[in-house]
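Before I ask anything, here is the structure I am working with.
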Amino acid sequence: MSLNCPLFDCDLIVESIPKMLEGIGLTIELLFESAVLGLTLAIILLLMRISGRWYLVAPTMVYIYIFRGTPILVQIFIIYHGLPQLDFVRESILWPIFREPYGCAIVALTLNTGAYVSEILRGGVLGVNRGLTEAAAALGLSVRQRFIYITAPIAIRLCLPAYSNDVISLMKSTALVSTITLLDMTGIARTIVAETYAPYEVFISLMFIYLILTWVIQRTFGVVEKRLSRHVRSEV
Amino acid sequence: MEAVTGWWDDFFWGSLVVVELFIVAIFLTVLFGLIGAGAKLSGNPVAKSIANAYTIVFRGTPEILVLLLFYFGSAVALTAIAQVFDPEIKFVDIPPFWAGSLAIALIVGSYATETFRGAFLGVDPGQVEAARALGLSNLKTFMYVRIPAMWRLALPPFGNHMLSLIKDTALIAVIGLEETLFVAEQAIGTTGKPFTMYIVVGGIYLGFSTIITLSVMVLEKYANKHLEVAR
Amino acid sequence: MSENIIQLENVDKFFGDFQALKNITLSVKKGERIVVCGPSGSGKSTLIRCINRLEEHNNGTIVVNGHELTSAVKDIDAVRSEVGMVFQSFNLFPHLTIVKNLMLAPRLVRKASKAEAHETAMRYLERVKIPEQADKYPSQLSGGQQQRVAIARALCMNPKIMLFDEPTSALDPEMISEVLDVMTDLAQEGMTMIVVTHEMGFARKVADMVVFMDQGEIVESNTPDEFFDNPRNERTKDFLRQILTH
């Protein structure tokens, strides 16, 4: 079966797509793992950031500043290429993680997204109407109870749009692991292009695959947002 | 850290390349953002669909993919064209600097489109009405009333766009641009100290981000100073 | 001397350089109904917010229901669970249904069981005459209904004292009386109440004492009849003139 396309080599497109899709498992794995780990890290950072204790707040702010102020590619390189230079890394029990590109990728993506998401969560927390936490305090709820039952549920709903954007960014960042030898979809695409000199067919098809992934993520969050907002018409 | 001595001037020149990239990219970004926002707000269905396609494609595609596509795509096209004239030519490309700045400007421009669109919509219509009632022409209203008002609303998110832009410049090293990452790789080749060198690159970018963040803070203060006085 | 359930002595409160409360001394007996009035910025909200420590006073002592208000956490939560507060902007929890709004504090603070809390909640919803709204969300209720729910929510904790911070100021006029009626009933049952309000009709009918504040000080306090008919201080007279004739 040979397709006859005027401008593009459609046979190549049909051939390449399945090959690139072999990498989708890796893409999704990277996305999922670093999203979950990153969210956990973000929650820890958030709690430190709002704790009010300077010895927790200051390091957190420095961490966030560094990870949001430097390119993620550089962060990936520092972890993958750079850490092996340090003796104590090579000798530590974590070395098996850092020795492999996959481990380095997860660490880099997690540390990076953790910084961004913690700021997003903080935005949500700050957006919670102060009167509501005061009312909870007036009823006698402890600080911890106020946070869990009042602040958190409302903050989560408030920061969902920004969080969904960050998950999409994270998905896009996974393509960078192709620079440290991992064969995700982008990595596979690059090898195909190197052999066939057909950047348009390969990269444009890959682009469509990513756009579909983006759409899936957006729709999923759209559904979640709708469910969580059913009680909202206008909030005092 | 002594390993870095001798490389400082190379890093300096690399940083200058980053600055040049950034300046070119900002202009293009603002241009694309305004065109995109204009198209979306125009009411013309064709313009709107093109603008929508633009924002969807460039916000949903990994930046590195856009870069690779632009660079290799243009190289393939140019090489093919050049070979028509001189079959001996093996490879013609758009210099990575221009391919790169165009690519990242298109990417951040798609976010800027949304920002500018939102900011234009946020301009108090009362102000515009007052301007027209005073007899200001469409163009004058646009320049003296809409743009300043829109700019104040757009500034905070645009600051974030600028931060994205400076960080995206690092990606252009992947298509061979000789900026800081390139210098780092050379330095690693001779010194064997990747950690040190990449930390230096990180530090350079952190410096740039800091300058941008501080500048945006100053600009915001300036843009809002007429509101401060009212307090 | 009959016990004072609330006792403020020489209380000052600063917000930065601004002094919101100046040397406030006030006693409230059990079962008394106090109305606090005054122009905006006079410190009336700050005063009652200090009583349940939503604001922290800088000088002087505040004793509420036998507990002195200091920075010790145990005291604060204990005090707050016995002092109910109703806010100008209702502050109902938007993500919880009405009945869950009422059940939250009894379950978390008094460790009531789900069944007990539900029973108490429904009982108070009946008291404020809107039991049918139990499973709705706050955004589905009118302002007057929301405020009545807010009162019921505070009552579910069986407080000894109820504080009201301009409870009707954010309501459309036609809904004010439904809320004032609930508050009047509450007063007639013997609840100790401090109400910051501009509703002078309510003050006349229900209050034992009217306290007038201006610029952080208690300028005058008296029984309602004396206060409205024989104001002694010039500032009081000015204020009464402004609010009673427009």
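Letters A, B and C mark the chains in the order given here, with residues in each chain numbered from 1 onward.
Operating definition for what follows: a contact is a pair of C-beta atoms (placed from the backbone, for glycine too) under 8 Å apart; a residue touches a chain by one contact, two chains touch by 3 or more.
Everything numeric in this text was worked out from a predicted model, so none of it was measured.
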When you draw the chains as points and link the ones that touch, which shape shows up: line, ring, star, complete, or other? line
If you tally contacting C-beta pairs, which comes out ahead, A-B or A-C? Let me know. A-B
Measuring from CA centroids, which chain ends up nearest the centre of the complete protein set? A
So, in whole Å, the Cα centroid of chain B is separated from that of chain C by 55
Here the gap between chain A and chain C, centre to centre from mean Cα coordinates and rounded to Å, is 47
Using mean CA coordinates as chain centres, what's the chain A-chain B distance in Å? 22
Going by residue number, chain B touches two or more other chains at none
Touch list for chain A against partner chain B, complex: 65-66, 68-75, 77-78, 81-86, 168, 171-176, 178-179, 186, 189-190, 193, 197-200, 203-204, 206-207, 210-211, 214-215
Complex contacts: residues of chain C adjacent to chain A: 52, 54, 77-78, 80-81, 83-85, 87, 89-95, 104-105, 108-109, 137-140, 146, 150, 153-154, 157
Seen from chain B, its contact residues with chain A in the complex are 56-57, 59-65, 68-69, 72-73, 75-76, 163, 167-171, 173-174, 181, 188, 192-199, 201-202, 205-206, 209-210, 213
Using the touch definition from the top, list the residues of chain A that touch chain C in their complex. 129, 131-132, 134-142, 145, 149-150, 153-154, 157, 231-236
